[in-house]
């Protein structure tokens, strides 16, 4: 997938138009700033959208996969950046508390592998198709997920 | 009761007059130890004679055979002490010079830092003698003793001058080189015996390093012997007295031998077997306390021997290029030691300036660069020999 | 914008001819060797010589005993909560509350010196703080007050207001503790006088506003604008949280 | 029994997996510069497989940050990466300023640039010193540390602490630059640019250093980018991206400097990128100090910010000496963050240890991992 340098990477507005018309009902671009695009999407299309962004829009680098515990539901936030224009796309996908499964994107970007493992061990979000979903930072004997809001620090309650 | 004064028990006869004098040339350390025993034995004999006049023991203590025997024992201690102090000074020199290379002070406490090195060495002797359980007892202990033994043995065998020698072989250099080359086998077996991954790799690397550097060294020793006409160290040095020092005609040989000697004595930049960032301590990982202290000492003995061989073969042993004050007649040993420390100083600069070489690079430098260079050196010497220059 | 290093040492500068070239490092190292032997080397021999530290060096915190008004802002602002107010006798004999710092927990961040409204807590360049037991690490107020505290050990909190910048007067710097004042939500106030007792600088006076149903006077706190140091004690201690801090931006 | 001929024996031994040996270059190891383990499977000297294990320094930084008001997180952010503490406090303050949607004064931006570049040079010097010990030459270590002392003195002059500087505040910086600060900075930078050539001569002119670093730990541009390696390790493999230039923050667009990019993608090119970055940082410091002087003595350097941050989400990213570091903040109107995620460059660079180290020799493992410039505080958070 060697992109010749003459290819002009998409600017922020082009990304918005490309995304909205390619994934009409699914991706909804919430906000645009200089070199930032924020979008939300249902969790089923995460893999498909990421693949599209990776192939067509030459976003080559995934910065982070962030897990967020909003008490009544969970969220996974992908931050994907482009090396040609410095633009960063932020995809947010909501997960129901009972079905914490989302398609892993470590096959598109290998860099996201450890981020997903960390989000799994701290929040309990299971990434299907992840080559080695195991505990990374916390010791293997942990059964609970420490970063959930339900896990109270000693000072809190 | 006839009183015999101490003077007729402690005469200082000429050493050579003793019937059993073991050497055929005047030997200074033997002379020192002979006189020491005369003093010591004489006083003991005199005391016993005071208590029991005319008893056979005191006459036995002073007769020729006994004096010779005890003199030999003290002779061993004198030789070892001098070499031991020489190595300790080179250790101290390393810590001070390496410090100054790195813009810091070396050791400070004790006579300008010397006693701190002695204290560090002595401290390791005080440490507990631990023996890890999973280690193969026999190899762990024996190979250590052999490595230290051979190193100290060669260090003592190096003659410091015409009159300061243990034994005057006429194949001096070859024997030193032979014993010098024994160490890699012991290191290999000890690395393997320690049953620890790091030391296994360290042992293998030590073996491959030393074997591949002995070949160029032997060729260069042969060339020097060829030039000097004999293997005897005394003859080599005298040959250099007649003509120039050998590092001028054999400049190529001097440089390659210097590098081979650093590699052979496992000093950086060739210390891939011992302390390496990824092998931690290499084959010395499982030794602790006194054992490790002795290994460190053995390393410095081998460094001392390597430098001594360089001085003997290339820098004209105990000779001074021009000798206005005839120092050489009184202190040839000091000139030899100073030259050895100077070569050691060059090894320290090498250690401070250059990074560690990768094992496979070491082998390919050893076989592809130093081997041909030593052969070139041999060719140069042959041409000089045939051309009648030397 | 030329990159001299990459120009001088391009990637393939060491062409094979120079593979065994090691003279330059030896020359550089011996030059330094001579310099270190002739002149003094850079090393500082710690126990005998010491590195000079300027006064603003953040060693352990220091306290100027008499200037402290025991307002407790340093207790609230300390990230590792290692400061406590302790009863101690001051010079004239009456018991007074002064901060006591547990150096074992202290992060040497300088917040207590920065947020102290009267600059009683300062930063001292003292860094030799080793002790034998953990209890010795707890510095009482007297021990904190080391004698040689001077004014450039103080840390000043100077902020500019955004409103100042908007109306062009951006030179003016102000200490945020001198402008924010607590505001009373009179409906919640049950006139229990707690805020008056708790205020360290006695800036709160209870003003009477008529009589309530049971005939007892209704007292509302009224804050004296210039003596208040905005230490949040009254805001935190008010049982009905009638007071809240109005931040002037 | 018929004697087996050589080929059978060779075939048999190929299946028998006896010669592979797992070496654990454990948490306490001279090459690891911190607490992490690299398990390598070794066949003779060649490394067949590698598996990094991290997590020894995991202290739940993000969970702890959720229980603290915003100003109290700044000293914690210092302790993320102890070698480059200024960049992480700067990153945290930038994220909160974005959430507050305020624009900090010009002088504060330039002071932050100077402080960041001093911290970058200091961190690169610590890395250069570590390269010295990894390759067996202690002189480079001592010289590197000596140079670093001068920059740590600048930190002390600026904010009173050598390493954990705790200098940036939400809305600006802690205190103004002291009166002789620009003279000290210029003196230090000029001296450093003269003396750095000695360190370079020790490494670049010695063919042993170069031959050990060249052709080791090769990664193509695609592999580097896909593995998520960022920072100088990525620029060594041909990716021309630097957040300070391509996604500028805090007036970096007003300063012109070069971004060194090498295409060979091995340890030597990564080394050269970092050395060139030190020269560029000196250039940046010069321009920024000139601009600070131009702004005058009593220009504002710190804004007064409310203690409660309005609800919302904000991300900010910054060019850390080791790569791209990023913070994602969810604030809920109180004075404590609801969720604060830190992306550390070394966390992803270490995950690429296996492809980096595979196929090299044991002696090369420290050299390769030295070019990733490990800092375990930020990896484990």
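Lettered A, B, C and D in written order, each chain numbered from 1.
Methods note: a contact is a pair of C-beta atoms (placed from the backbone, for glycine too) under 8 Å apart; a residue touches a chain by one contact, two chains touch by 3 or more.
Note that the coordinates shown come from a computational prediction; the quantities given were computed from them, not determined experimentally.
> Taking every chain's C-alpha mean, which one sits closest to the mean of all protein C-alpha atoms?
Central by C-alpha mean position: chain D.
> Quick check: more C-beta contact pairs at A-D or at B-C?
Result: the pair with more contacts is A-D.
> Roughly how far is chain A from chain D, centre to centre by C-alpha average, rounded to an integer in Å?
Going by mean C-alpha positions, chain A sits 24 Å from chain D.
> Need the CA-centroid distance for the pair chain B / chain C, whole Å please.
63
> Between chain A and chain B, what distance separates the C-alpha centroids? Give it in angstrom.
Result: the chain centres lie 67 Å from each other.
> As a quick test, compute the distance in whole Å between the mean CA positions of chain C and chain D.
Inter-chain centre distance comes to 29 Å.
> Mark out which residues of chain B touch at least two other chains, giving numbers and ranges.
Answer for chain B, listing residues that touch two or more other chains: 101, 103-104, 352-354.
> Residues of chain C touching 2+ other chains?
Answer for chain C, listing residues that touch two or more other chains: 20, 22, 25, 28-29, 32, 42.
> Do you know which chain D residues sit against two or more other chains?
139, 146, 202, 206, 208, 211, in rising order.
> Per the touch rule above, enumerate the chain pairs that touch, sorted by label.
Pairs of chains that touch one another: A-D, B-C, B-D, C-D.
> Which chain D residues qualify as touching chain A in the complex?
The contact residues of chain D facing chain A are 54-55, 58, 60, 62-64, 67, 222, 225-230, 239-241, 243, 246-247, 315, 317, 324, 326, 328, 330, 339, 341, 343, 347-348, 350-352, 380-381.
> Using the touch definition up top, name the residues of chain D that touch chain B in the complex.
Residue list for chain D touching chain B: 21, 23, 25, 29-31, 42, 45, 132-139, 141-143, 146, 202-203, 206, 208-209, 211-212, 361-366.
> Can you check the complex and tell me which residues of chain A touch chain D?
1-2, 35-36, 60-64, 66, 68-69, 77, 79, 81, 83, 85-86, 88, 90, 109-115, 118, 136-139, 146-147, 151, 153, 155-156
> Using the touch rule from the top, collect the residues of chain B that touch chain C in their complex.
97, 99-101, 103-105, 108, 349-350, 352-354, 365, 369
> Would you pull the chain C residues touching chain B in the complex into a rising list?
20, 22, 25-26, 28-30, 32-33, 36-37, 41-43, 45
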